[in-house]
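In what follows, a single structure is set out as structure tokens and then discussed.
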Amino acid sequence: MTKSNPGNYFEDFKPGMELVHATPLTLTTGDISLYRALTGDRHALYSAATFAVSNGFDQLPIDPLLAFHAVFGKTVPDISLNAVANLGYADGKFLKTVNPGDTLTAISDVIGVKENSNGKTGVVWVRTRGENQHGEIVLSYVRWVMVNKKNASNPAPEAVIPDLPKVVAAEDLVAPAYKTWDPALAGSNWRFGDYEVGEKIDHVDGMTVEEAEHQTATRLYQNTAKVHFDAHAQKDSRFGKRLIYGGVVISIARSLSFNGLESAAQMLAINAGTHAGPLFAGDTIYAWSEVLDTAELNETTGALRLRLVAAKNHPCSDFPLRGEDGKYHPDVLLDFDYWVAIPK
Amino acid sequence: MTKSNPGNYFEDFKPGMELVHATPLTLTTGDISLYRALTGDRHALYSAATFAVSNGFDQLPIDPLLAFHAVFGKTVPDISLNAVANLGYADGKFLKTVNPGDTLTAISDVIGVKENSNGKTGVVWVRTRGENQHGEIVLSYVRWVMVNKKNASNPAPEAVIPDLPKVVAAEDLVAPAYKTWDPALAGSNWRFGDYEVGEKIDHVDGMTVEEAEHQTATRLYQNTAKVHFDAHAQKDSRFGKRLIYGGVVISIARSLSFNGLESAAQMLAINAGTHAGPLFAGDTIYAWSEVLDTAELNETTGALRLRLVAAKNHPCSDFPLRGEDGKYHPDVLLDFDYWVAIPK
Amino acid sequence: MTKSNPGNYFEDFKPGMELVHATPLTLTTGDISLYRALTGDRHALYSAATFAVSNGFDQLPIDPLLAFHAVFGKTVPDISLNAVANLGYADGKFLKTVNPGDTLTAISDVIGVKENSNGKTGVVWVRTRGENQHGEIVLSYVRWVMVNKKNASNPAPEAVIPDLPKVVAAEDLVAPAYKTWDPALAGSNWRFGDYEVGEKIDHVDGMTVEEAEHQTATRLYQNTAKVHFDAHAQKDSRFGKRLIYGGVVISIARSLSFNGLESAAQMLAINAGTHAGPLFAGDTIYAWSEVLDTAELNETTGALRLRLVAAKNHPCSDFPLRGEDGKYHPDVLLDFDYWVAIPK
């Protein structure tokens, strides 16, 4: 009997199950440096302790997306080792600041299952939370994945489909209250009131991703999905090569979005996210954003609901998204809907 | 007269010589993050401060292999700059926990020399120790290398061949006493009693190594051996390209071995090690393990003596090791024999 | 109206202008580890807290070149986004130790402008300083760049050409006073008195640079110049590929210079610097140094004025620099003139 982890199959997931994922992770300033070096992030709030402290933080905090990837990574061996596709995200909330030295543990509740009509696969919904060393939930999100059945002849379970919000309600955002946002240090004079619903921003810059870079980032998050690391096995796969972890695309697109959204530093919620196409090493990521909504949070701070679109080898001055058939443009990698705080 | 380091030749090594190696190194949480990002390590003991502290450590410790590579790296300019081959390791012991902030200095004693019959090379044995800032020995090991003679006409020294143990005795292991090993967080329910001598475990996953990755890891350890870094010079070498540092293979194979040996986190001793074949960028490492022996350490903790085998571009469900001729299978990279602690 | 940063054009720079650059950066031990892993640096003063403290530092300090690159990186979006070429450096001084946890802000004063005769470009001189969280200047340097005009028909400004020293005067160096420099730990017995003006040192070793490595280093410094990152856009550029940031060349050449200049650890000033040729991924950097001058600093410490030359795919035993026509040898990448402290 083998001791290696075979992962879970569709039949293994039962609504109500709780999965405590292996390997809690202590995030440190070492991770902050690596995250910056691998994504190019430049938001002052996550670069400068002085800037963070003068805006109400205790110290230089961990970027919410770094915490998200770390929590996500831990779920892979239990949730998506036998996954066919990562279908979507919903109701992601960043609830508490993660600081260097904090240890995150990932725990998932199975909240839905539905077998596909082919009888070979099914969709599993999980709500995953990251807890710090005090047992406080620092972030929480739902994702759903298509998972292989162990045996097609096994009977289909009763379908349970969770009711998920399309958007995190603005009143559910954990609102920071910025005190002394310095526009020169942040990199822009644009503030909350300068952004209008419907406005589109081309982030101009492009970032090419190498094998060594995405592998290093994905290991940093302790995400072990084989498709990202095993070139030998991938030779016989659908794409014939390693596939880049979607979280690498999210973080690089977010970092590129600094150019035009400099003060929109702090992600508050993930409303939805679709990995529309695969990214491979050697491809160049470009990005654009659209303001989908705005919300007042408090006296000093507002929130923008943004659509962040990443495209490969396709500069985004034409804002690629979907074709006339409603399908994603073939160059589009990511369609990501999130709330971000911005000073008034 | 040149000021650059020409390295030592066979004639320069005299039994009884002590070599204090250059550049002590302070290891920090930055090194912990990089080690994880470059190897994919997921052992909870070296990932989570909470897990480490609840098992008797003062804080998140440095992985013993990271400390080993750092000490090893320092010996290269003095020991193996003119080496033809790294022949083996023996009697490696991890004696004291290395914590972030500790500074390691490497010191070697020459304990053996033997000229080869060709008169052009000889074998040098050194015992190397790593000391922390308090002068405490944190690790110690013997390695032997084949080194070029400066001048073949120089007379052969009297041969001194050290008597080395085939295996570190179990009673010489510095035994941890785990207190609250949480199987869910560690990633497995398998404990000391679940592993049997003779059992083989295929670790399943593969990891492809890129030039940028092995170079970055090898520089992290301040290992300067030219063969790893100088593609221009290597064009005219035996392999025609850069050779990956064997320590990169050891660490990636160990990280892959998480899958099936999740709770075997803490390396206690290196009994032996052979780099059976060269690894090059673009190759994929797979690994399997065999339980060679077991030992009771104390009430809460035992030790497994494991053979860790790494192979390139060769998934290990057939446990490759040697052919019928007794020679290593051509795909085998590493045959590594070590003791590791595991909770009862 | 776009919110992305169009950068400044020649017409935007007015002598007397002050530019506060975006994104102050807190440097940590994470950056120290990454800098070592990306450059191969081995100077004991920046590797070992024990060595640094025993020589008068409070803790393991940040390498002056890492601080320099971080400050430089911040200036790119404002100074050189539309630059045609980085023409030179002068009067660079390292004034105060940067420690882990310090936050650096970059501020530039425009000190000169001169339109070129073609009417399409001009030269801009800026003095840039890096300030820590206490408002103390930790480093300061002048650089000049050729920048595109927005509109060739705009009139030329009055030329202002700053008067710059060819060399930082030895009495302006902030002199460390080493206390207990241990030659074995530093890696060499060579001290101040062993180096003679005119002496040339071949640093022997070579280091090949990969795309993933220079991109990771350049993002670590938050340098966003497009030419380093966007392979898709660079396909249509002059070189057809990504160009490696000149600071990567400086740091790798400095790290290679350890071999022969082991105790010349602490850079005190940058007198001049020319990026003589472009470096691309896959190229191998070699380096040599020449002692241009020496200066007594105090009882324990002297300074060497060194020329550091880097060449690509060209081992430096022949000390390549210029041809008979006075032009740089085509393999030369860097001609860098600096002061460095060294124990007596």
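As written, the chains take the letters A, B and C, and residue 1 is the first residue of each chain.
By definition in this document, a contact is a pair of C-beta atoms (placed from the backbone, for glycine too) under 8 Å apart; a residue touches a chain by one contact, two chains touch by 3 or more.
Everything quoted here is computed from the prediction, not taken from an experiment.
Colleague: Touching subunit A and subunit B alike: which chains?
Modeller: C
Colleague: On Cα atoms, by how many degrees is subunit A rotated relative to subunit C, nearest 5?
Modeller: About 120 degrees, rounded to the nearest 5.
Colleague: Counting residue numbers used by both copies over all numbers at the interface, does the subunit B-subunit C contact come out same (over half shared) or different (under half)?
Modeller: different
Colleague: Hey, how far is the Cα centre of subunit B from the one of subunit C, in Å?
Modeller: Here the centre of subunit C sits 36 Å away from the centre of subunit B.
Colleague: What are the residues of subunit B that contact at least two other chains?
Modeller: 28-31, 33-34, 210-213, 216
Colleague: What residues on subunit B touch subunit C, complex-wise?
Modeller: The contact residues of subunit B facing subunit C are 2-5, 20-26, 28-31, 33-34, 77, 100-101, 103, 105, 133, 210-213, 215-217, 219-220, 222, 224, 226, 229-233, 242.
Colleague: State the interface residues of subunit A toward subunit C in the complex, per the touch definition above.
Modeller: Residues of subunit A touching subunit C: 28-34, 36-40, 42-44, 47-51, 60, 184-188, 190, 194, 201-208, 210-213, 216, 259-262, 282, 284, 286, 313, 315.
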